[in-house]
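Note that chain A is present in both complexes that follow, paired respectively with chain B and with chain C.
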Partner chain A sequence: MATSPALDVPVEPPSKRQKMSSEPEFSSSPAPVADLAEQLDAQERKMYVKGKKIGSGQYADVFSAHLVSDLKRLVAIKKIKVGAEAKEFGISYDSLREIRFLQELDHPNIIKLYSVFSTKSQNLNLVLEYLPQGDLLKLVQDTTNISYTPADIKSWMLMLMRATYFCHQNFVLHRDIKPNNLLIAANGEIKLADFGLARSFADPFQVMTYNTVTIWYRPPELFFQAQFYGGGVDVWSCGCVFAELVARDVLFRALPENEINMVKLICEKVGTPTEDNWPGVSKLKGYVTPSEYIPIRSKDQWMMAFRAIGETGVDLLMKMLTLDPRKRLNAEQVLKHSFWTDEPRPSRLEDLPRKGGGVVAMGEELTKMGGEIPYGKARGDKVARKIDFGA
Partner chain B sequence: MAHSLTEDDIYRTSTQYRLWSFSPESLAAVRRKTHSLAIERALQYGAASILTAHESLRLIQRYSSLLLTTATHLAFPAPVKATAVQFLRRFYLSNSVLTYPPKEIYKTVLYLACKVEGTHMGLAEFARRISTEGEQVLAGEYKVMQALRFTLEVRQPFRGLKGVLMEMLNGAEGRVGVIDGLEDGRGVAETMRSLPGPGDGDRTKWTPPADGSVGMRHVQDRIQSAYSAARILLETPASLTDVYFLYTPSQLLLAALQLADSPLTSFYLSTKLAIESPARPKILATISSCADMLASFDQSQVLTKDERAELEAKLEKCRDPGTKDLVESFAAMRQDGSGEDGLEDEKAKKRKGAREKHEREGEDLFGPSLGANNG
Partner chain C sequence: MSRQAQSRTQPITRRPADTEGQDEICPVCKSSRYLTPSLRFLINPECYHKFCESCVDRIFSHGPAPCPIPGCHKTLRKHRFRTPTFSDLQVEREVDIRKKVAAVFNRREEEFEDLRAYNDYLNEVEDITFNLINHVEVEETEKRFKSYQLAHQAEITDNVALAEQERTSFAQLQKEERDQAKQRRDAARREDAEEKRELVENRRDVLNRLASGQDAEVVAKEGQQVHLKKRMDRVAAAERQRVLQAASNGSSNIVIKGLKARQKQEPDAPIDPFGGLSYEGKYHVLQDDYVWAGVQESKADVLIGAGGYDVRAFTGRALCEAFAGLGVFVADEMDDRDRQKMGDEKNDEIATKGAEVAASKGASTAKGKQKDTVMEDPF
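This part shows the complex of A and B:
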């Protein structure tokens, strides 16, 4: 084997490996001046007052917070937990992906990342748009208190599809679209969140081995281990969300949740993938289907279960849940479908159902504030003034 | 041809455009500022002879080059290389080599780039293959994240270049008809066959057939050769000059293509930019100046091993003692941090009743109030 070019680098001088004594070695040296990046980081950090913990996820704790300069400007601060795996590979892939993509994506239906800062203890903190109304899953599941109409579904789906289309235009695949990753803003808007699994279209193929993530929204090409996949992955997941909103039940609820059961369910509900409906499918590495062949489900059959969204709605749903990813509509085609302009018109934000009780009141208060914090602009100005970064 | 330049509109929303794009003057100003801060500090800790700004830049270039060879050695794909190099170069816009010598930081940025681009390699293996310790690799990670201002995306010209390749091949193969604005209404494929051959200095390896009769095959070869030559320019010279700071990915790829095969690129541009378009002169001038910068790069400008050793010996004498042991200070901060954070939570509980008052006073759980920071 060739020697690593890194060997070309001189070894560390022994003095560098010595531990620093508690007495500062260079007692005459002045307190270090913060470098530009440190100053910016500190500036960012000092803009917020952290409030109480409002949630805890797998790899982060979430706190409510507000701007020092304005008590009414609420944000959510997601503090990345430093787990045991930090020793193994440092900052986790999930956190890096979330930061990478959210920093680039600025869209009304994608959760906004206002900024990131670190604390002295080297914790990463993501300052996010405050979304106090829970997620879409909660609404779908609360069948006793929440009822909604086809126009509401259309409105939510339209927001979801706009977010998805925007991601794809920016060459980002979300890969984990599901109702609990669709958060609801105070003004009723849907916000696509949780980009921990996202990746760029340009990345080399990587088999997804995330056991903790639900597989109910995954498309067939991933179960068959297609070498190349694209935006169709997200469109399938959106189709699953669409169906779930209508039926108020997960479309492909495989139990136990494993890949074999998922493929079985997809065959039952959509049809068995074959060379006829999906040329090349039988050559995919992971291609297996149940022995019983099930023909592609007809529109009439779909209509029986999803009549609520009408014939155009069903037409769109079927095209989003097409087995062959090349025949499946892409996000742009979904948005061009006549479903959106057909009657009924999508509900206005203020007419969308909310979680009940006091939260609604709070939500209304926030809406009155005007919803959005014109933050990005303020930040840019501030930076420019402070250190002439780019002046 | 379908490829449009609207990708530029999306580009304008990217962090690369918003935070990491400069005019030549503003780039020089940022570097000057960083260097003078470092000198100020060096004078305080009493360094003897201080590395000049120019020497610092050459050291950074040398390590950019080392990143490319190391990443190649580790079989990392092109996006990891480009990302790592840009991370390094962005890092040194706000940090001086006197404070954080590249000998340490380059390991950190390479591993970070590898993670960001979704290339999986365990830390232990990575460290072993570059003959270091895992903790050395991670020690600077937060420092690097901070200097990158927590933006991790490096927009690259490779995908765009591939798109242009496909478009030109489609044109050559007659899958595109007549394009508005081409003076005579000949088909694209025919026009491409009758283009003049590459210019003298062009980097492409392609030459027209001896008998002068250029067929579709020849045009396809020509396009492929131009693509390969452009790709080479985008991998090395683009990484070892300031072009990423000064130009957009589409300007970069068009500049590389122009250096590869100028008549072919001019033709391609004519299909994109109407002759009468008011923006045309400016766009062409930008592409040309980018091409000049790429062309001016010469591998012999990169420090040799001995020159680098010499500079690093000099650096050792003026480097900031306060940041000497990254591994140690990383561990210390962690320690401090967990204590500090634990305490904060405790305090936070106790203060629950008094919270409002504290908040009015602007007491922030992360540190002193904004008022104290308004300097």
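This part shows the complex of A and C:
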């Protein structure tokens, strides 16, 4: 298999990547029998006590665990399953991406990767932050038991946008922002998780895959098969999350979930992309629009559906869901929007609604592959991979 | 002389204040208790003048009439007349006023956050009461009273309901306690009887066994043991019962009163959407444009632009990466890190070393989580 442009990490055995052990220098240990990498690995592994399995999927198992030195410090250990694929190609790209980016990103709204170690038979174990409160999707979907206010939405969105901004400032595209990748910590904080589809910003003329991001949250430029894109894709996904939080339903829920239906839906709800509102769009490889031309939706029409977040909120939402990625706000501009400082003030963490079912939800979430549609059992759920990240 | 003799004849039936002669005589009909022992005096809270029952009937049964006492021009109604509780009518009046004020100013200690506020409130209430009692600025005080009543209508009724509820639940609690005490007594009595019966039974059993020709010593010992065991069982059961009961109604009769739990009310800082993140390059300034073929060509390429690829993101990154290492001294940072680990082992995150080194590149002065927010480039 040719190296994917989506993956700019040289594939190397996991043991070599163990630079996080506390053994600092080669000189300090006499290196008796086992080689250094194994020693360091063992040392790392012995820091944690693995507990109950809290989730299991086709791709990974998740265990709760705690530190040997401190029983109260809980962590989640995501053990990536080795399959036939691993024998042939080594570690999956998803886990490599996840390790690579999470290792470097340290932000209150991004899930923390404490360490990585391997166990016998070259299993990869990621030690992740323990997030017992479930995910945002559970809150959005539980319309009977959970109600939240515009202030809560603002608080959640602010945390999400800070995480996105932080990623972009560090030249990382998340490429899979959606409510069920937003886990909730014990204190109510939102944590962006699942960096399985992330990549760093590309150089000019470096081709990126357009077949990424869960389909309902995918921006129009990816449907038109743009191979050069930027932070705008994440902002579009954030906009979808924003709208979903308000309406408590997926904004672009195309059924059946294919690209044509999505494009149709985006045209219906936002407007048809044309050369006028998006210069150069017709040059894109996959540019197709429904025959019926729908003008860009006016602010009044948006207001009808999203009155709850007020005029500034709708203004921000419209600017996040702008068709042309160049006109779409970037993460920094989003944070500079007056919506955040306007009334109502974002809810404090302790006032945000909570929902139980947490640990299990986290377990489920962490076992998933990127790009899966989170809603119920759909046809083809059992199919190994729906998206080809290869090129 | 005859007066003294009288007071001696009925010393018990009389209240001490009643000994004064004028209290015994109705100011209207001049009939006295001496001649009519069944005489009852009534007052009207309008003016607190005292008349005998028959006068009240006579004067006011045909509707409102002015007070017959000269100089008092109050109009009185019959239905407001009542027997005074206190013989001193000043006291009667004061108690009435206090009742009236307390019914409106019924805020509770729990509603206040600090003692100062509560005391201020009590002071205000007492001021109003004092003014009403002593006829100081009556009109103004009445106005204050009315305006408070109007403004706090809802709270007043709430507190009345609350007080009522407390009263009933307290009564219920007392009744429950009495019932439980009775049950305990009954249980103790039953236990005593049981114990006695068992003692007798045990003795009879021992005798029977002796009669059937068993060894006397063994039988006596066994009998004693059985008795002892039963008794221990009973004691244990009683103890268990007691513990259970204590748990079931444990803290129910403790009433905690006091100020409202104090909540920290810090004024909210203005929202900072960036949450303290700042990416001002210390060593470089990003220009709008760079005269370099790669940049220019990609800028000109429609395909690249239309997809949302931002060349500035690329140039920014290139600059950032070029300058990221400036001012970074790995040796110093490792020292810093070690010191920090010693310092706040507890709240320090178990971040991976790689991340830590990268994180401290930006500014080694910031500590803990803050350290990462100034990170310029993790790669």
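Just so it is clear, the second predicted complex is superposed on the first by the 309 of 391 C-alpha atoms of A that agree within 3 Å, B and C clash if a C-alpha of one lies under 4 Å from a C-alpha of the other, contacts with A are read in each partner's own complex, and residues count from 1 in each chain.
We take it that a contact is a pair of C-beta atoms (placed from the backbone, for glycine too) under 8 Å apart; a residue touches a chain by one contact, two chains touch by 3 or more.
Computed from a prediction, not measured in an experiment: that's the story for all the values here.
By the document's definition of touching, of the two partners only chain C reaches A:W340; chain B does not. Contacts of A:P108 after superposition: chain C is touched, whereas chain B is not reached.
In the superposed model, A:V246 makes contact with neither chain B nor chain C. When both complexes are overlaid on chain A, the residue A:E38 reaches chain B alone and has no touch with chain C.
Once the two complexes are overlaid on the shared chain, A:M161 sits against chain C while remaining clear of chain B.
With both structures placed on the common chain, the touch criterion links A:E221 to chain C but leaves chain B unconnected. Once the two complexes are overlaid on the shared chain, A:V233 sits against chain C while remaining clear of chain B. Once the two complexes are overlaid on the shared chain, A:Q122 sits against chain B while remaining clear of chain C. Of the two partner chains, chain C is the only one touched by A:P279; chain B is not. Between chain B and chain C, B touches the greater number of residues of chain A. In the superposition on chain A, chain A positions 19-20, 103-104, 106, 115-116, 169-171, 200-204 are in contact with chain B in one complex as well as with chain C in the other. Taken together, the chain C residues at the contact with chain A in this complex read 268, 270-271, 273-275, 277, 279, 294-295, 297-298, 301-311, 313-314, 317, 320, 334, 349-355, 358-359, 369, 372-373, 375, 377-379. Partner chain B is touched in their complex by these residues of chain A: 2, 4-10, 13, 16, 18-20, 25-26, 28-30, 32-33, 35-38, 40-43, 45-51, 66, 68-69, 71, 82, 88-91, 93, 96-97, 99-101, 103-104, 106, 115-124, 169-171, 199-204, 206, 380, 387-391. Residue ranges of chain B in contact with chain A, taken from their complex: 10, 13-15, 18-19, 21-22, 26, 29-30, 33-34, 37, 40-41, 44-46, 66, 69-70, 72-74, 77, 79, 94-96, 99, 103, 107, 111-112, 115-120, 122-123, 129-132, 137-138, 141-142, 145-147, 149-153, 156, 158-159, 305, 309, 312, 316, 320-325, 328-330, 333-334, 336-338, 340-341, 355, 359, 362-370, 373.
Interface of chain A with chain C (complex): residues 19-22, 24, 67, 103-108, 112-116, 158, 161-162, 165-166, 168-171, 200-205, 219, 221, 226-233, 278-281, 283-284, 324-326, 328, 330, 335-337, 340-341, 345-346.
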